[in-house]
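Presented sequentially are two complexes of chain A, the first with chain B as partner and the second with chain C.
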Partner chain A sequence: MQTEPILRVEGLRTTFSGDEGTAVAVDDVSFDVNAGEIVGLIGESGSGKSVTALAIMGLLPKDTARVTAERILFDGHDLVRASEREMRRLRGRAIGMIFQEPMSSLNPVLKIGDQLIEPIRIHERISHRAAFDRGVELLSKVGIPSPIQRMNDYPHQLSGGMRQRVMIAIALSCSPKLLLADEPTTALDVTIQAQLLDLLLEIQSETKMAIVLITHSMGVIAECADKVVVMYSGRIAEQGPVTEIFDRPGHPYTKGLMQCTPELTGNPRRLTTIPGSLPSLSALPPGCRFAPRCGLALPTCEAGRPPMIGLRGTHASACIRADELVAAAAQPEEADA
Partner chain B sequence: MTSLEMNDTRSEPSFLRRFMGGRRVRRLLRHRSFMIGLWLCLFVTVIAVLAPVLSPVDPNKMAIRSRFQPPSLDFLLGTDNLGRDLFSRVAWGARLSLAIGLGVVLLNAVFGVLLGALAGYFRRLDGILMRLSDALMAFPSVLLAIGIAAAMGASAMTAVISLAVVYIPRTARILRASVMQVTELEFVNAARAAGAGDLHILRRHILPNCMAPLVVQLSFVFAYAILSEAVLSFLGLGAAPTDPSWGIMISEGRSYIREAPWMTVIPGMAIAITVLGLNLLGDGLRDVLDPRVKMEH
Partner chain C sequence: MSNAPLLSVRDLSKHFTMRSPFRGTTIGTVQAVNRVSFDIAEGETLGLVGESGCGKSTTGRLLLRLIEPNNGKVLFQGQDLLQLDARQLKKIRKSIQIVFQDPFSSLNPRMTVEDIVTEPLYLQGGMSRREMRERARMLLDKVGLNAAHITRFPHEFSGGQRQRIGIARALAADPRFIVCDEAVSALDVSVQAQVINLLQDLQEEFNLSYLFIAHDLSVVRHISDRVAVMYLGEVVEIADKNALYSAPRHPYTQALLAAIPVAHPRLRGKRARLGGEVSSALNPPPGCRFSLRCPFARDVCRQQPPALRQLDGRHQVACHFAEDLHAAAA
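After this line comes the complex of A and B, so read on.
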């Protein structure tokens, strides 16, 4: 595994100012993505996953959102301090992005082909003909049958799954080094979801690009990711290698997320839910933000923000009882053995 | 070419082919009031285009012997106080009215779209542009047109400019609203994520999605412009008095309304037919193109 990350996010903070005051959507988020690695960003709706991705891309509305960070290093560029011109050159070429909603992320009045070759035409000096040929190639690569005909179709002629394949093709059109996939399968049927994830994995193993996969499904993470970043209420709750997190979760929130995912093997059990809901961004608890919903909370949890505690290797958790949790998780395994 | 096509294709060359698609065209062709409007507009357009061929005599040729002739086989729509053939004058008047209407529509399409797009997309410009348009819209439209026309001196060109000034803020507002709406859609973000710049996004992604309300608005502007031009001409602030303009014809006929009512009625009917046609056309377009109306049906 490479040591130099392709993307290094340090101390990312994003605030939105509106009529009701200022809300901190993302607060001090730091993580690394190594080249060729798939990093899963997981959390409930509203935990700041998408905002993190949009902040990295510099796509948040400038009039309401304020993005600060120590740095967001991508391939030698500091994205927080990059000019809009520089960002435009990176977007679509070095960093691709897939959005959640395939139904609305394609322009209804433009042909698939025109939208597919748009980033190629923006970033490369290449004839329309050559770009078109590349578009056809991309469409067949993402598994769209009769790609030449599809190039001349309009988005409404395609199903949701097909459109998302087109979105993937668009994101891949300039062979990016990093792909930000914001819940790429959430809006689709389960069978289509699996197909698309397989497609992403297949392309990833071929191109060796890094992927930040945003999702709220632990299943997706288990299937795809090398590393996991668990977000809760704008902060990182826990991060580490995927096997580590699944075997020895160091944060009660991660544990809760896993317990509300059904398992296909073993005895069916009643799924547990995490009681309560995300705190409102305008009324955040002073200490650990998960404390009000946490079964293991101690009085000290409410006092101050818990530090990231390093566990084994790169595994770290923002829970003061992380060590206990990890130790507890290790025990039943031994009992089984 | 119908007046509808003139109207559309000037603002966006491949609009009909690209945006309306087969299904919408078929829905339009089945829309009754749209079709009535279309035929009325076609009728007026044909008369305007063929005026030199159709009119039996020069519209300005006076024939003192045949003054005040009521409509008959010799003079299809009668003659006026100077013995000029009213059919010829109405036909040539159609040319003038449509030309002025088209001029106003074109200016609206260019400047209304430009200002609306800037205000809707670049939020910093919005405040100042919209306050300017508020200021213009605060005046009653005809009064403002009269003011501008009076200040610039009467001519057909003045009428076009003053009417354009009156209607451009309205067009800009409608476009601004749809630009703001479309800007929020995900594909705009997706285009940005592909590295597209603001102007590219506006031109290629946002404006083509704002064409439906624009076309509807322009068809109404066309109608209002023809009506207001007649008002300006009636008041002596539009076309030159020698030009065969519907407004001028009504104004001339007013003195003889008891003796020769057709002098007023004929150009009045011409205005009514044209404006009605354009309004029906606009209603039909709105029914078919505007998604909000469609939902109610």
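After this line comes the complex of A and C, so read on.
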């Protein structure tokens, strides 16, 4: 076990400015990713999870987005202060990325092979021939049948699942230490999702790269993650080891999320719901952002931002009643009033 | 519950002819929906699941004749909808409604909520403006929206609220049967649960029947009484939901269920995965359409299409070897 994390995000803040003023999409987000670890970043639409990934990669548009952080340490580099040249050297080589839309993240007028070879030839001084061979090897590794023929195909000739496999192959082409996967299976059918998650896990156990897996599905988290970061409305609600989060959620939002997912085990007549909807970024509540929807909210919750409270081990929650929640979860099935 | 089902679908088919984009010559037939049959009783929810392109949404639209079927029967309260002329159809459509998937594109952005919700009433006729407005207010209240927002436009609402508007519109003409076509799929999970509960409450209050089309198997399990599974345009299994989820008989249903992510990290483990991908519905294989991916397929499967047949109770399955597979599993 390495003691230094491969990625350390501290105090990440991202603001977007437009005609209607500025909006803080990510507000003071901090988390660590250790080498060989899969960190699940979960949240609903607008929670800031994708923006977090793009900010780490330095891929947000410079004219509208402002990214600040105490630091984003990746393998000895501070990504917030890195020059564009330095970032270019890291992106695609030390850090790979997969996006949600397998339809739009590949160039439709370039052959699969050319898109696969491009990052290899940019980052490594090897011949076209050697890069081509590596590409074929990568395609077969991600489970694409007849890889040599596929190198000459265009993206539209492949199905969504196959395109996402190509994306994974491209992301893996220079053996990255860290992979940012932004909803890699959301657009896919459940049997294809299962195949791809298996593939990612298999490659991960082989290469020991770290993965930040962004998702909105508790099921995907349960299936893959070692550690979970729960985001709500631009802030971290809770983070900790995956079994800890599932057994003893320390934030009412996490607990609510789990209760309103109709899981396969246990099938209540009525689902427990979280009332209301996510706050708009232009009208955020002053204190805890979940307070207006929270059944446990106290007057103090609306007054100021709740601090991160440390629970067992690395588990921490931004809820002033976290201890109560965890204690209640320890008791077997206390009735949810 | 009466004995005769509210809706009875028999051998419903829709085949699209594919033409070459340049020459206009026929290059094949897509059997989007092929000989689909099922019943839905009064007050019952039939879940319809399957992967993209399996024909579940097309089936829903065929029932309302939003797409014209090629073949089959859709008996609604004993009347065959496919035999009706335009005037008769319009009359019966008030009893059959649909809620669409995308709350952003299924509401006209230039119409107020009042116009949207009262449009079905307006088309049916026989109500004054004031009565219609009264009814719209009542409906908004029913679906959990503020009746005072009746003059607002769709863009002023969130996705979940828009879906509620779509539900209010479907309820306006006092239907018996609603097709919910991926009605909660586009919503965030915290909002999705609210809309599922709403649909269940409305069903109880108005004794509605639903055809609940979705790709999310957990949601379908939650809301349905019975579930039908489709693969490449055909129904491969129909059963009471508990029977289907606890003892699936078709290899495809088994594979679908095995692909659902686990509910808790402690339940992780290697499970049998279905290889390959859904093949094209263009010129499907002559035998069982699942035979190309089925781990149990034998020669007969590749030659003879299995008919949907009755097993114990109300469990129907289209597999030559359903009994053998079941015995092997036990």
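Operating definition for what follows: the second predicted complex is superposed on the first by the 326 of 337 C-alpha atoms of A that agree within 3 Å, B and C clash if a C-alpha of one lies under 4 Å from a C-alpha of the other, contacts with A are read in each partner's own complex, and residues count from 1 in each chain.
The working rule: contacts are C-beta pairs under 8 Å (C-beta built on N, C-alpha and C of every residue); 3 or more make two chains touch, one makes a residue touch a chain.
None of these values were measured; they are calculated from a predicted model.
On the superposed chain A, the two partners chain B and chain C both fit, without a clash.
In the superposition on chain A, A:203 makes contact with neither chain B nor chain C. In the overlay built on the shared chain, the residue A:178 is in contact with neither chain B nor chain C.
In the superposed model, A:97 makes contact with chain B only, not with chain C. In the superposition on chain A, A:105 contacts chain B only, with no contact to chain C.
Counted by residues of chain A touched, the larger count belongs to C, out of chain B and chain C. Of the two partner chains, chain B is the only one touched by A:59; chain C is not.
When the shared chain is aligned, chain C comes close enough to touch A:274, but chain B does not. Here the vertex is the CA centre of chain A, and the angle it makes with the centres of chain B and chain C is 80 degrees, a multiple of 10. Contact with chain B, but none with chain C, is seen for A:89 once the two complexes are overlaid on the shared chain. Of the two partner chains placed around the shared chain by superposition, chain B is the only one that A:123 touches, whereas chain C remains out of contact. Least inter-chain distance for chain B and chain C in the combined superposition, rounded to the nearest angstrom, is 5, based on C-alpha atoms.
Of all residues in chain A, those touching chain B in their complex are 57, 59, 63, 88-93, 96-97, 99, 101, 104-110, 118-119, 122-123, 154, 167, 170. Within the complex, the chain C residues that touch chain A are 51-52, 158, 160-161, 188-194, 196-197, 200, 215, 217-219, 221-222, 245, 255-256, 258-268, 273-275, 277-278. Touching chain A in their complex are the following residues of chain B: 18-19, 21, 123, 185-187, 189-197, 200, 204-205, 208-209. Interface residues of chain A facing chain C in the complex, by the touch rule stated above, are 44-45, 159, 161-162, 189-195, 197-198, 216-223, 225, 242-243, 246, 256-257, 260-265, 267, 270-275, 277-278.
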